[in-house]
Structure formats: C-alpha cells, structure tokens
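Going in written order, the chains are labelled A, B, C and D, and every chain counts its residues from 1.
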Amino acid sequence: MALLLLTQLLNSLAFAMLLFLLALGLSLIFGVARVVNLAHGAFYMLGAYLGLVLTNALGNFWLALLLVPLGVGLLGVAVERFLLRGLHGRELEQVLLTIGLGFVIADLLRGVFGAAIRSVPPPPELSGPLFLGAFLYPKYPLFVLGLGVALFLAVRLVLARTPFGIQVRAVTADPDMASALAVPPARVSLLTFGVGTALAGLGGVVGAPLIALAPGLDAQMTLFALIVVVIGGLGRIEGAFWGALLVGVVDGFGRLFLPQAAMFLIFALMALVLALKPEGLLGRRVA
Amino acid sequence: MMAWIPQKALKEWRRGLPWLMRGGLWLLFLAPLLVQGYTLYLATEAALFGLAAVALSFLLGHGGIPSLGQAAFLGLGAYAVGLSLKAGLPLALGLLVAPAVAALYALLTGLLLFRTHGIFVLMLTLAFGQMVYSVAHKWNAVTGGDDGLSLQGTGLSPTLLHLGALGLLVLAVAGLRLLLQSPYGKTLEAIRQNEEKVRSLGVPAFYYKLWAYVLTGALTGLAGAGVALHRTFVSPHDLFWLTSATLMVMVLLGGSRGLFGAAFGALLYTFVQAWVSSFTELWGLFVGGLLILTVLFAREGLWPLLERKLGGGRGSA
Amino acid sequence: MGKVNRRQLVKAGLGLAGLAVSSRFSFAIAQREEPIRIGVVLSYSGPYARLGQEITRGMELYLERVDYQAGGRRIQLLKEDEEADPAVAVRKVRKLVEQDRVHLLAGIILSSSAYGIRDYVHERQIPLVVANAAANGITRERRSPYIFRTSISAWQQHYPMGPWVARNVGKRVFLLALDYAFGKEATAAFKEGFLASGGEPVAEVYVPLGSTDYSAVISRIAAARPEAVFAVLSGSDAVIFMRQFVQFGLNRTVQLAVSGEVTDENVLEAIGDAAIGAKSGDHWVYTLNNSANREFIRAYRQKYGGVPNHFAVRGYDAMQFIVGALNDVQGDVGNKSRLLTAFKNAKIISPRGFVQIDPETNNATQHVYAREVARIDGVLTNRLIADLGVIRDPGK
Amino acid sequence: MEALRVEKVSKAFGGILALTGIHLSVQRGERRAVIGPNGAGKSTLFKVISGELKPDQGRVFLGGREVTGLPQERVARLGLGRTFQRSSVLPELAVWENVALARQAATGQSRVFHQPLATDARVEEVLEQVGLSGRAEDPAGALSHGEKRQLEIAMALVQDPQVLLLDEPLAGLSGAERERIGQLILGLDPGITVLLVEHDLEYALRFAHRVTVLHYGQVVAEGDPEAVRENPEVQEIYVGSGGALEAPPEDASGGAGQETVLEVEGLVAGYGGMRVLNGVHLRVRRGEVVALLGRNGMGKTTLLCTLMGLVPLKGGEVRLAGKPLGHLAAHRRAELGLALVPQGRRMFDGLNVEEELRLAAWGSRGPWTVERVLEVFPRLAERRKSPSKALSGGEQQMVAIARALLRNPSLLLMDEPTEGLSPLMVRQVAEVVRTLKREGETVLLAEQNVQMALSVADRVYILEHGGIVWEGSPWEATEAVLHRYLGV
C-alpha cells in the first residue's frame, strides 16, 4: 500500500509539472498581456506534433526539445502582433479570438496529422523503469518532475534577477509607469506572449511521451491550465506552481481511489477555492 | 393574447420589428408546409438553438455578463426532460422541470460567480460548465454516461415540435425585449455601463445580475429540453464547452445586441454548419475561422449590417 | 414600409422555395440512373476518426471487388461524419434519409449512436447494417427487424475469453475497462465465463473514457500483483495504457490478456514492440489461413499499404453482406420484406471465416479466436494461437 | 438633529494612513464643506461614508442609524446621495432614463418587469431644475462634460436623499459651466444636508455653513467659513511649508543657461470628451527649477502626464531640446531624456526597492547610478530589499525620485512630490530638489505646497482653468497665490 501511494504521488507530481508548464505560460500571458489565452492547449498540441515530427526527422528528442518551443514561441509572437494587438484592451474579443484560433490550430493539426493516436516514445536514455531496490518506477516521469521543478526555479530566478524579469513584473503591475521608465510595454507584452506560448510548446514536447497525443487533447489541456490558474491565482508563477501541484495531486489520488469522480473532484476544489478566495489561493484581489 | 402588456409596449415591439424579421418569421412558421424532413429538422434545431442564443445575447449584450458555460443549462434542461420522461412523468411536467433545474443551477453557481467580474466570470462559467459536463459524462447510473440517454415515444410530430420551438423563440424574443424596456431591464443595462454608479444609486447590482443569469438559465434549459425532444436523444457531448463556444459564435455572428441578431446567427450557423460538415470533417476550422473573422471584422455582427444594407427597421437594438 | 420591401420579401421567399425545389430536382435526376444509395455514418473526426477511416477502407475495398455493382444496379456511398457524437449521428442519419433519400444505412461506430438512431430507423423502416457498434442491446432488448449487426457484440467477443484465460494464462486476473456500456458489457461477459472456469478477479476497475494518464491504474495493478490483466480499452486509451504499462516495467511480471480492441493493429503501430506477447480475443486474426483472408490482405496491402486490422474487416464484411443481399433481391430495394429476408438468410465467406446472420437476433454468428501480438514479416500484428469456436449471441 | 455622524474613523492603504480617527458631525439641513490639500483623505472619507470602502476602525451613522460596513447600495437606500469626482453617468441610456432609473432605484420600483421604464412628474421636475429638459431624449454619452455633471446632480436629487455628498463637482469645468453648476448647487433645496469636497476654496467657503479642514487624514480645523479663512494654520496648509524663501540672487537669470530644454506651445489635452488643458504655453531652460502651481483639478497632473506621453496630446506642440515629440509613446520619450516622478508615487506592486531602481537604471547612462543614488538616499540603501509598496510615503517618494534620476534625464518632471507627506518629510523633499538644482538638473515641479515650491524654484507658472494665468519670479508669487487660492 505504501508503495502504491508513493508511486501514485510521483505520478501525480509528474503530471502536475506538466500542468505547471501550461499554467505558467497562461499565467504569464495574462499578467503582462492581459489576455486569457484559450488557444493555449492548441499551442500545446502544436508543440507535441512538431516534437514528434522533429524527433523522427532529426532522430534526437533533445534537439526537438530545444527547437520546438522556439518555433511555437515565434508563432505566438506572430499571433500577438497581428491578431491580438489590434484588440488591445478588449478582453472579451481577445478571448473569443483565442478560442477561434484554438479551433483552427487543432483542426489544422488534425488535417495534417490525421486523427490517429500518436504515441511518442521517450528518448532511449529515459526509456523504461528505474529500479530502486524493490521499488520500480519509470524514468521519464521523474525527468518531467525534475524539469518542472528546475523550470519553476529558473523562471523565478529570471523574474527576480534579470532585467527582462523585472520589466515583466513592472509591466504586470503598472504598464504606464513602466513605460515612463523607458520600458516598452508592447514589446515586453509581445515577448511574454512568445515565452508563454513557447512554454505551452515545451509542454507539448515533454507531455507527448508522458501521456499520448490524440485529437481533443487541446481543449482538455486548456481547461486544466485554466483550472490551475483559477485555483492558484492568475498572473502569479507561485500560484501556477502550487495550483498545479494541488490539482495534480487531487487528480492523481482521485483517479486512484475514485476513478469516476476524479475530474469532478478538481472542479469541486475549484468551486471551494472560489467561494472562499475568489482571487485564487495566491492571487491578489483584482479590482 | 397578452392582455397585461400595455399597448405602448406592443407598438414599440412592432415598430422595432424590421420587415426582414417579419418576412423571416412568416417563412419559418410556414416552413412545415414548404419543406419536410431534414430541412424542417434543421429549421427546428435552428429555432431551439436560436432560443438559447437569444438568452445568451440577453445576458452578454445587455447584461454585460460573458458566459462560456451555457452548454450546462442546455444539457441540464435536456437531461431533466429526458429523465422526467423516463420516470414516467407527463411531458408537460418535464417541460416545467427542465427550466427549473437549469435555473436552480444558475442560482447556485451565480452566487459564487458574481463575486468576481469581467473575464473572471467568463472563466468561471466555463469551469462550472465543464463540471456539469464531467458529472453528466461520468454519472453512468443516471445519465447513461457516454452512451447518452434515449428518449422513447414522445409522440411529437416534427411539425408540432417546429411550431412549438418557433413559438417559444418568438415569445422569448418578445418577452425579453419588453423586459429590456422595463425598469429592471434598463437597470441591467445600466449595470453593464457603470456598475459602481448604479450601486451608488441604491441598486443591489449583485441580485440584478444574478436574476438575469437565472432567467437566462431557465430559458436555455427550456431550449435544452426542446433539443432533447427534437433529437429524441441526450448526449453528454452537448454539454462540452464547444457547445458554449458555438452559442457564442451564433450570438456574435448575428450581433450581440437587440436579440434579433442572435436568432439570426443561430439560423445562419445551423444551416451553414450542416452544409459544411457534409463536405469536410474539419468543421472546427470553419467555426474557428468564422469566430476570428467576426471578432476582427464584424464586431457588431451581421444582423445590424444586413439591416442597414437592406433598409427597413430603424435600429432594432 | 412600401413596395420595395414587399418585393424584396417575395424575392427572399422565392429563394428559399427554390432551395427546396432544387434539392428535389436533383433527386429526380438521380432516380433515372437508379443507383442504390447507401448512407454511411462513421466517425471521421474526434477520437474514433481512425476507426471510421479503416471501416471505410474496408467497405471501398469490397465494393471495388464487385465494381460497385449489386443486383444489377450501381452502388453509391454517401458518407457522413458521426463526429463521435450521438446527437450528430441522429442528425446525419436524418439528413441521409430525408434529404439524400438513401435506401440503406451502414456504419455506426458508437453504441450510443446506434441507440440514438434506433427508433428513427425502426419507424422509417430503413435497413441499417451496424458495422462496429458492439453494445449487446442493439441485437437484444432494443433489436429491430431493420437493424443487422455484421460486426460482433460485446458479449460474443469477450465471453469465450473467460474460460480460455483461466485455463491458459492465469487465475488471478486484474479487470480493467473503460467506464461506458461497451467496457462494462465486455467485462461482464468475460467474468461470466472466467468465474465459471474457476478464475479469480483480484480487482475490477473502470476508468473514464479519454483519460490521458493511466499511471494511477498501473500503480494499483503493480500493488495487486495479479498474474494477468484483462483490459477493455480502445483508441487513445489503449495506446496510453499499453505504453505506460511498459514504462512502469509491468510487462516483465504481469501478462496481458485483453480485448481485441487493445491490440488492434492501429494501436500496435503506436505502441511498438513493447506489446509483443500480449494475448487477446477477437473475431479476426492476421494469420488466419483461409483464401478469403489472404485475398483481403493482399488487396488491402495493394491499395493502402501496411497491415489491415479488424475494423477494415468489419467494413469489408458489412459491404459483403449488403451486396449479397442486394444480389439476392436483384437490386429491388423497394421490396423491404424481401430485402429483410435476404439479410436474415445471409451467409458469407469472410476473412474471419464463415459468418452468418442469426435470424432470431439479426446478429452475426461467427468464430472467435485467441491471438498473440507478434512481429510477422517485419510488421507488428497478431498471430493465431487458438480457435475458441463458433459463438452465437444468446439474444437476451 | 444630526444627519450624519462619523466616529473615530481610520483607514489605511498598505503603509499609508489615509484617515486617522476622523470625527465629523453634520446637522440636518447643514451645508458642510470638507477641504484640504490633495492626499488629505477627503475622497477616502467620502468612500467610507458611502460604503464603497470599509473603515479599519470607527463607525458611521446616517440619520442616527449605524451604516458602518454596509454595502454601498444599502447606504444609498438609507438616504445617501452621491456624485463622483469623475462624472459618472450611464452613457447609452437617454438623459431622462438616467434620472428615471435613479428615481425608481430610490422608490424601489426597479424590480418592475412588465412595463417600460417611464418618466414621471418628479423626474421632469428635476430635469427642469438642473436645466436638462431640452436634452431629455439624448443619450447621456452625448452630453458635454458640464451637462454630465448636471445630470449626475439630477440623478442624486431625484432620489430625495437625506444627505448628499458632492465630490469636486466643479473640477475640470470651464468658466461658464462652472458658473452654471455653482449656481445650481447653491440653489439646492435647503432641506437637504450637503457635504461638499471642492478645491475651489472661494466657492466652498461661499457655499458652506461650516467648514472642516482635513490634513494628513485628520481634522485640523472646523468652524464657520470666515474663521477658517483667517486661521493661520489653514493658510499654512494651503500655502505650505518647507523652508524660507532664499534671497533673490544677484543675477535674475540665476545659474540657468539660456538653452531651452522644453518648449510647450498651445498644448490641448484631456480625457475622453473632457478638455482639461486648453492651450498651455511654457518653457523650461537648462539647469532651471520651474514651479507649476495651481489648485487641484486645474490640470497640473494632466499637463505632466501629457508631456510624458501617458495622456494623448490633442493639440499644440511639445519640443524637447528643439525636437518635436508629437505622439511619441512614453517609453520613447523616456529614452529621449524625460523622466517623471508621478503623482501618488506609483510604486510597482511586487518589486522591491532595489528592483525599482535597477528597472529604471537599465539602459541609462550618465552620472546617476544605483550606487550614487543610494548615497544620496541612504534610507533606501537600508531598505533595498523591502517591497516598495510597504514603504512609508516619504520613503516611497525617495524611490520615485531616485527612479527618475536613474534615467539621467535632461528634464525631470515632478508631480506633487510632497503630497500626503509630513512636514519633516516635506522639508527633506525640498532639500532633495535643492540638491538636484545644485547638481545642475532641470526640473519642472508641479506642487500644491506653495511655500515649498517657491523655496526651490527659479521661475513660477500658475495654472488655472486649463491655461497659464500667471508667470513670474518666486518672490512675487506668494501674493498672487494667496489671492488666487483663498481669495485673500
């Protein structure tokens, strides 16, 4: 029983880290660009399919891990620049546009790659289980777990220490004042959108070997990311991290003990958080 | 027929009803004579989705409340009527239960929902909607889960269903337009424009929004019941958020203000979608593209555009 | 409002009327040529798109063999996307029947779609050949004289596996199935035979359809330490489960004895060599050594390349049944009772062996086989390990 | 009979105390003016009374009934009417609908569903009273700024409130509108208790029976208008403190060179339909400290924000070192050498002191570096890791100034740097400005603390009703200011 719980805890945490990648991007984009990007799951899918193609073409997962986020990020930049910027300040229209964009991306992917379930093998070095005495656990989820934590620390560091990070936080807090200090909010916003979508793309590459790749995953992933940020608090990376952990664990143990009600548990958790703290667990009250 | 409606209001309603709508209405009412089978089937579906779209239009365009969770109302109404019939209740009772259940859900979620504002409301409606979806999907014992719920022997003829759906739609549009002229409706519009100000005038905006949401829920629930009777089948797929997004597309396509636009949008969407999906399975591409184009280039929606182009009604909004 | 508006109104009205007329007009032209129109409703999008594609391939493969001719008339397929949504299936069936005036319907991936359209098809008296949906009820309590199933029922496919697994694989078995009608019926059928043969289920777990992560279930399997896992999963669920099963290293200690859906060739393609050795029960095996199967595989390879799978077989056989019946009635689809009798008496030599319709239930009576995943001629497929006999669905 | 009573009300925002133990008692039918410099807590007081904000401590009574902590719609229903600082109407509804809605909200008839919203005698009467009968059918959004104010007053009046709060009803109005609305308020039914916040002291003193003076969130004086006008403490508050005037230098041009840094010609700006600035001319030369004086609501902040590019320029021209700025975005102006110390300091939520400074220093070259700034503001060095929002008002001001300096600007725009600061801190800020002057920085200083501004300025402009009305040297300015501000 203890082994079962430990295994499931690791499973939950690995999935939580995948959710964190998605929620982080969503949260950053909302914080800086003030856009709720409901195409986020579609960017995840795009990343996953591109990862599949590149891994097969280059024969190297790690190269794909590097290149795909770059590509998806560039697409994100283009989307911000050519579609969203014209709607600046009109939240509802922006959200609707991202919904439309999500449908389009997902369907184009289906058109190109077909509806078959694709399963991406983990890279050979991370394939198969790890033996720890009697305890046996696959390597790949551990890799995802490590990557997620590393990324969380790295992003925190970037936001805390680098000029770009401080600019991002300044624009999040007060874009006008930031621009009076020579920070170009539009460019920061553009870059953040790129980084956010790149994170979704990275999530796709990393997530494909963890869970399979099938049509319809885009909506599911968007929804998960949305729940995480609603629970954790929108626009804060700590919120995305702890929210993802909470959702991951509730989901994981929910699946273990109450498989039929797992998804419902997550929504119930969300409703509870909202009832008690509408701004999310780590969120600031939004005026 | 509605003696309590003052003459002035009736006149107002007639005046605001452009010839385009009147012509369209006649055609739709006569549809059972002109077309049968599949076309009539689609027309009925359009009328039912029109009802749901009109409710959303009331909520979004006039109440300023963006909801991406309308599918939950639709689904609750559908399951409510389906389960009532299965339990052996008479149809009339089922048609009362459906909006009541949806309204109750609206009341409960609304109490949480209107603690926040704007885009957060949108996200929360989405999340609550998905919650209902997952319950419907997983609660096999009651809903039949992924297999859905088959309605047997409602004995309603397509013509009767069509006229019923259309009648409901017309009543809803008329009723909501009257409501929008009333102090309540004007106050709701006022809240959309400046909630702080309206509250400082002594209006408990929270409850106004809540009741608008509940009313919308009931109407959409009724539409859902109609859809269930019409298809003789309830599937959890109808509760998925794509249905909510589709309703949003219908409303935006037609125009979110004035309610006529939403009905028109639903009609247009239903027929075009049915047509397109026979050619290609990539109809999400089509819906998404339509949504993007509407947001970017036809912000008011097509109905106001059409009205201006063809003359007739003087600003129905 | 004036004259102009009224004129415009009339114009609009004429337009709509024109629409109605033109659709009838095209119908009139069609009748002169007299092809038999078969409406095919399958999922071409959504999670079951691949199934729809394979069944369609099988159908077209057979129709090409007979040159799209049956009973002296041309055959025309009208395909509509079920979208993995029963509500859509209902709408598409109505469109096919009422607008396109099809004579026959075939296809249907989801059991829920089959239930959804059942009453409509029954009332409109349109013969429907179910080529995939497996819920027992379709040919049991909700059967209709107009509905035939040429594929297989959940009970038929899984009942014979129970005794076989108990005898040849292991007695302590972990049961895992998708939480919907097919999964439950399949598991119940398996258990029926399994318990009777002294099997001992260590756990019975149902998971929601479309899960992205099976690690929770796999953890439970690891903890339960069964001899084998019996799983009823399909599509992406099967792929994800199988991959994670291997990732967790369970394939070293636990045997797989699963539903044929799990080791379908489509799924195997996505899983890879990790699946080798998994046993399953199904109504078709790649290595069946009969001439019909050899011919089918050859034709499939030639046209589409790659390994066929049981979905393509289901499509192939559905058309074989339809063409056979149409030949019997010399293409007279108007005579419903003759057509139905022809269906009831239909027997075919299928790639899966000899198959005939059970006139009592309208369900196909057929062989069920035990199979094992293997690499044959460089491709991953299933090989025959035992014939479990001819199985007839009891119909209640 | 007491119409309104405020007992020991306190309210803090982060590290800043907006109200500290306010007492207020207003009799029925009284006209009360609440005055005080910006940041004194007047608006916060109004928000607490109306229920928009909950006080941290203390109680509020309306007509003898406690309303502390009730939501604002409840307080409104209990008889509190209110107009907002920024005019606030329902733009898409017709003028009469605005008023009728307000009427029905008060009479509890908003929950009528089945008949259209209708006007009634009272609505017509009030529209007549405020002079909007002729525009009853127009959408409220189409009204001029002054008419919106009239409409807002009508919406308040039609509710027959016991107590009416008017928050700067004359702010941003032009001469004729000012006159019209001033008369309208003076002519209100004497039965209504009215609380007025207004920066036009002359008007406020003319209107009120009694006057309450707020400063640093406390009541510093209360009495009849004459007594308040003569009160030296009040005069000091308005004219301010911060150091004595230096003797006029020998050379009237001071140390300033002749090179013009900033040139503003005919500048027009405002928000939405509201024109705040209407043809402002001014110039600033290198090395000069130029003070921009004017009562609140006269457009000082709008002018500085327009110069910085945060408020769009609607007309006229702005040149920095001869280069026209046109419609350049704020960050481009910052790169060209403009820096702003904003009103209210605007610390970034979530950044600490050091990060605020590093953000500003990024990409900027010149004598001011983070190290040097920390030498000049040693207090900030001690608190470099503290979140900037948690600092005291004075410390925040130091951060805001340091931030601007780190841009190494050719012109430093300072907007009300002494707002809400204690006298000690005001003197420190003045000292900082003098230091900057010695360092040769060029400063445009908008200030309501006249004394402080005059003690550091080389030249003075007075801004009133959207234009420059006076220009001269600091030692001539005091008299001009007293005359214009207090009517002394």
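Going forward, a residue touches a chain if its C-beta (ideal position, glycine included) is under 8 Å from a C-beta of that chain, and two chains touch if they have at least 3 such contacts.
Every value quoted in this text rests on a predicted model; they were computed, and no experiment measured them.
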{"item": "Touch graph components, with chain D removed from consideration", "value": "one piece"}
{"item": "Centroid-based (C-alpha) most distant chain relative to chain C", "value": "D"}
{"item": "Contact-richer chain pair [A-C vs A-D]", "value": "A-C"}
{"item": "Geometric centre distance via CA averages, chain C-chain A, whole Å", "value": "36"}
{"item": "Chain C and chain D: spacing of chain centres that average the CA atoms, whole Å", "value": "74"}
{"item": "Centre-to-centre distance between chain D and chain A (centres being mean Cα positions), rounded to whole Å", "value": "43"}
{"item": "Distance between chain centroids, defined by C-alpha means - chain B, chain D (Å)", "value": "47"}
{"item": "Multi-chain contact residues (two or more partners), chain D", "value": "none"}
{"item": "Interface hub residues of chain B, defined as touching at least two other chains", "value": "138, 140, 282-284"}
{"item": "Per-residue overlap in chain C, given as positions that touch at least 2 other chains", "value": "44-45, 49, 179, 208"}
{"item": "Interchain contacts (touch definition) - all pairs", "value": "A-B, A-C, A-D, B-C, B-D"}
{"item": "Of all residues in chain D, those that touch chain B in their complex", "value": "50, 52, 71-74, 76-77, 82, 84, 88-93, 97-98, 100-102, 104-106, 109-117, 155, 159"}
{"item": "Touching residues (chain side chain B, partner chain C) in the complex", "value": "19, 23-24, 27, 34-39, 41-42, 45, 137-138, 140, 144-148, 150, 152, 231-233, 235, 237-238, 274, 277-278, 281-284, 310-312"}
{"item": "Residues of chain A that touch chain C when the two form their complex", "value": "1, 3-4, 7-8, 11, 14-15, 110, 114-119, 121-122, 127-129, 136-138, 140-141, 210-212, 214-217, 220, 252-253, 255-256, 259-260, 262-263"}
{"item": "Residue numbers on chain A that touch chain B, as the complex places them", "value": "36, 83, 86-87, 91-93, 95-97, 99-104, 106-108, 110-111, 219, 223, 226-227, 230, 234, 260-261, 263-264, 267-268, 270-271, 274-275, 278-279, 286"}
{"item": "Residue ranges of chain D touching chain A (in the complex, touch as defined)", "value": "308-310, 329-331, 334-335, 339-340, 342, 346, 348-351, 355, 358-360, 362-364, 403, 407"}
